[in-house]
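In the two complexes below, chain A is the common chain; its partner is chain B in one and chain C in the other.
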Partner chain A sequence: MKKEKLTARQTITLLTMFFFGSTGVLGVNTDVGQDSWLAFLMAAAIAFPFMLMYSRLCRLYPDKSFFELAESLLGKVGGKIVVALLTWYCLHLCSLVMRNFSEYIQVCTMPETPQLPVMLFMMLGVVYLVKSGVETMGKWSVLMLPLIVAVVILTVLFALNRMDFSRLLPIARHDLGSMANSAYYSVMFPYLEIIVFVCAFSGSSETEKPYKPYIAAFFVATALMLTITLRDTMILGAHVLDALNFPSYVAVKIIQIGEVISRIEGSISMNYILSGIAKCSVCLLAAAKGIAYLFGLREHKQFLFPLGLLVVALSTIVFDNLIQMFEFIQVYNVYSVPFSIIIPVLIWILAEFKHRKESKAQTPANTQA
Partner chain B sequence: MLITVIVLAIYALVIIFDYLPYAKSWTPGDKAVYWVTLLIGFGVLFLVSLDVKLPNPTDGITALVALIFPNLG
Partner chain C sequence: MIKKCVCALLALVCALPLAGCWNYRGLDEMTIVVGIAVDKDDESGEYEISFEFVDLAKSTKDEGPKSKVIKSNGKTIFDAVRNAKKQVANKLYMGHAQLIIIGEKVALDEDIRAILDFFMRDGEYRETIHVSVSQEDSAADILDAEATDLTIVSMELVKILETDNKVTSSTAHRGLYEAYEIIKTDGTELVLPAIRLIKEGNESTCEVNGIAVFKEEKLVGYLSAEESKYFLFAYDDVEGGVITFPSSGEGEDDTTLEITNSKTSRSVVNKDGKPSVSLKVEMEVFLNEYAKPDSKFTTDEIAKLEEIAAKKTGEGISALIKKVQSEYGSDIFCFGGLVNKSDYDMWEQVKDDWESQFKQLEVQVEVKVNILNTAYLISK
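Let's turn to the complex of A and B:
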């Protein structure tokens, strides 16, 4: 069976949508008020070396998945433990994202509708996308990302009459400690969640030079999220931004140009659903591959439906209410450290040592020949 | 009640269209993983649809994090 692969372009678009995912709905951290955009830029600078690290991992062993690499470096038992932990993280993240979106839909668009049917139907779409294969996911993302970018640009253009640039002032009012604390939130969510993408697609890239697609996606996603943060801050102001649960929706809701253009918040709901489906599908694919690897199954597509329904089940019980969902962000920034920093850095260091050893072993053999 | 019906309907459809046509070619391991994930998910969703309060995994994670960082818990 021919191994499905993502092209470089598909990697860029899918990874961008993955980064944009739930950040578009929840927004970036706003603890530092009008300096949130600066803190976000700091976060991007901190996260950039991690992008290089993941690109390097894919470059060192392009034909191995992250799970195979973990087992080859840590041994059978250590590898299985790491795979089990990452599989749980992917499943849990999928359920968190699903719950973020169902809460958003209930709070902003359909308050009378129970969340469970919304989650079920969203998951049906996610499972269908993942079952269709890696190439279909890639092609779908190539079609959808320009739509998302176009909506963001249009909302910025339409909102120009509502933006007040003085709401960004005074710039850099907050001390470095507060800015670094806010930046840390954005590093953990969404940048370092890239580990899920790597678990899903490592070993599935057509290109042997993964630096370009990973870094390109990083910059495109950063530009998108920065644009949204600036737009929301200039429309709403720092205090209102901090008080709202879904600031982007409210910011776009008040856009009005004459009597013709108004109530365009439906367009960004479409944006969020599309990026949410992309993020959930990547998480579900990674979890399915993890489970298949753990139990030695031939194919991960066989149990996508039950796994998707398990994610829906988990997402119904993961939070009691909306407040707990937002309070969990603080805990998430600590809870995700082993999965998104410790394990990937450990794997990378061991991979470098192993690669160096293999290169040295090959060199004397070549010299003798 | 309607939610329970929706849950039952979706699981019935999954078994009819996703399991029965393909299960003959699966190994016992494939079937075991399929049924375990299906049954766990079904159990939770069925109970949630009947408004039964289930344990929250977030409380466990928060308690674990609070052991290391007490001010976060």
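Let's turn to the complex of A and C:
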């Protein structure tokens, strides 16, 4: 079987969409009002070493998938446990994202449409996308990311007459504690969710330097999310921003230039759902690969459809309502620590040791030859 | 063949959800609301909401759209909104509503935050919908009035509000989200445009009449149209309008300047540890009316006129600020916000008793008027 691979460019676009994913509609944490963007920058700074860590992992073992790496480092039993945990995490995250988007659609655009059909049709698209293969996903994201970037830039330009730069003042007047707390939210979500992307794609990158795209995607996504945070703050003001469930949608709703360009939120914010589909499909792919790996199967595609249905079923029961969804973010910050910090860091440290041992073993051999 | 059939069928099935019409609603199934008036019934204590909606049946190409008004009661605002359905065939559609008029009594007695909260929370209302206060007993009377040059009262009022600071500078308009932001921010208080009726015989038309001043969540008073102009100067929101003054320095106003451009620099000065505000108004004007046709316009004469106009405007602004400080004690000028944004350390010290600080706040006003031309006539 030919191993499907992503090119460097596809990795960048898909990972950018993955990061942008639900943050595009939910917005970043706004506990610190007009300083939210600063807190977000702080989060990016904290998350950056993790990007380096994943890049390093890719450089050490470019051909191995994350699951294979886990098993080779932790042994058969330990490896399987880690893979099982990560698979659950990917599956759960997929249903959380799915639910975010269906709630978003219900609150903002289609209040009278039940959520289940929305989720089902979205999931059908996701399953079809993933089933078409990694390459198709990559190509799709290369096509779609420019659309999202264009929408972000357009909304910023259209909203210039509604923006008030003084809404960002006074700058950096929240104490470090609350800033760090707000930053922590953004570190866990979306940055450290990159582990899901790594599970789905590590070992299937085509380029010589598989670590470079991670850093590039990190910067593009950070710029995008920073832009929407600044845009929302300058249009809405700190208090409205904090009061809204979906600030980006409302910020776009306010755009009005003359009589012609107004009420564009429906057509524009729907584009953000594309990045939701990207995120869901990456999660689903990672989960399917995890299941296939657990049972020692080479082919993961037959799991996609049942897993997709499972995700839809799961996402209908993860929360009872929107209030729970937003409260869960606090739980999520603790809940995701083992998956997105402990396991990856552990594997990285072990991989470093192993790599050192191997290269030591190799060096004498080289000198002999 | 079978494959083709299946494909065709699938395409059909896909087309259904793609259209996104789970519950299609055509234009004929909507009652499009353009204006909403919020009142309270004294006896029952219930909300009385009036809706002005576009009357699609009567609207013709020649005469333009017509509107109708219905009223409904309810224990809460949303209850009243839904109760309106009892009187109309189609559900009221709020996506095109442009104006909310809050009755004077509601503004005096109720918490305006709750009203703003409802309209912000509900998804159908635009965040940019204009909020205003009626000076009449009941806000519904405004919607019942005759429109003058448009056919729908709400739309006419919205147009008046939106163009006001370019032409007359007699009121301040606030969108829903802006009002919500202001009421939640420390160091600034809400102002909303005030609307009243002009009665002539049986007919009545409506007029925008200055500003309604809020203190926290309650209405505390009004500013006249003239005072509102000075408010706009202090707030740096003047884009047009006129100023009148006596050309000799005293007596009756006989000269008019048309403002073409105005900018107010607002800054905070630290005076012995206490904030004091300095306002520097600089405007460019055209001389448009002058009651002494014989006099010559030399640069000296122009400079004299500039000085008189500046003095009068400056005095007007200072007097208004004094009045607001002593009568309302409500920081509608956003001076607190100014201190917060420009000198945060000082704000930390004064924010806890800003209310009393505001009353004693020193405000220095400087006005500079530049007459750019004397319009068509040279007046030699």
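The criterion applied here is as follows: the second predicted complex is superposed on the first by the 367 of 369 C-alpha atoms of A that agree within 3 Å, B and C clash if a C-alpha of one lies under 4 Å from a C-alpha of the other, contacts with A are read in each partner's own complex, and residues count from 1 in each chain.
Note that a contact is a pair of C-beta atoms (placed from the backbone, for glycine too) under 8 Å apart; a residue touches a chain by one contact, two chains touch by 3 or more.
Note that this is a predicted model, so its numbers are computed, not measured.
*Asks:* Answer with clash or fit: chain B and chain C placed together on chain A by superposition.
*Replies:* fit
*Asks:* Identify the partner contact of A:L310: answer first if only chain B is touched, second if only chain C is, both if each is, neither if none is.
*Replies:* After superposing on A, A:L310 lies in contact with chain B but is clear of chain C.
*Asks:* For A:Q330 in the superposed arrangement: first (chain B), second (chain C), both or neither?
*Replies:* first
*Asks:* In the overlay, answer first, second, both or neither for which of chain B and chain C A:L169 touches.
*Replies:* In the superposition, A:L169 touches chain C alone.
*Asks:* Which partner does A:P117 contact after superposing on A: first (chain B), second (chain C), both, neither?
*Replies:* The answer is both, since A:P117 touches chain B and chain C.
*Asks:* Could you look at A:L52 and tell me whether it touches chain B, chain C, both or neither (first, second, both, neither)?
*Replies:* Neither partner.
*Asks:* For A:I349, is the partner it touches chain B (first), chain C (second), both, or none of the two (neither)?
*Replies:* Touch status of A:I349: no partner.
*Asks:* With both structures fitted on chain A, tell me whether chain B or chain C touches more of chain A's residues.
*Replies:* Of chain B and chain C, more residues of chain A lie in contact with B.
*Asks:* For A:L147, using the defined touch cut-off, is the partner it touches chain B, chain C, both, or neither? Pick first, second, both or neither.
*Replies:* neither
*Asks:* With the two complexes overlaid on chain A, what is the closest approach of chain B to chain C, counting only CA atoms, in Å?
*Replies:* In this superposition, no C-alpha atom of chain B lies closer than 11 Å to one of chain C.
*Asks:* Residues of chain A that sit at the chain B interface in one complex and at the chain C interface in the other, please.
*Replies:* Residues common to the chain A contacts of chain C and of chain B are 114, 117, listed in rising order.
*Asks:* Which of the residues in chain C end up touching chain A in this complex?
*Replies:* Per the touch definition, chain C meets chain A at residues 17, 20, 22-23, 120, 123, 126-128, 175, 177-178, 180-181, 184-185, 340-342, 344, 347.
*Asks:* What does chain A use to touch chain C in their complex?
*Replies:* Chain A residues touching chain C: 107-108, 110-114, 117, 121, 166, 169-170, 173, 236-240, 243, 250, 253-254, 256.
*Asks:* Quick check on the complex: what are the chain A residues that touch chain B?
*Replies:* 92, 114, 116-117, 120, 291, 295-299, 302-303, 305-307, 309-310, 312-314, 316-320, 324, 328, 330-331, 334-335
*Asks:* Under the stated contact criterion, what part of chain B meets chain A in this complex?
*Replies:* Touch residues, chain B against chain A: 3, 6-7, 10-11, 14, 18, 22, 26-27, 29-30, 33-35, 37-38, 40-45, 48-49, 54-58, 61-62, 64-65, 68-69, 72-73.
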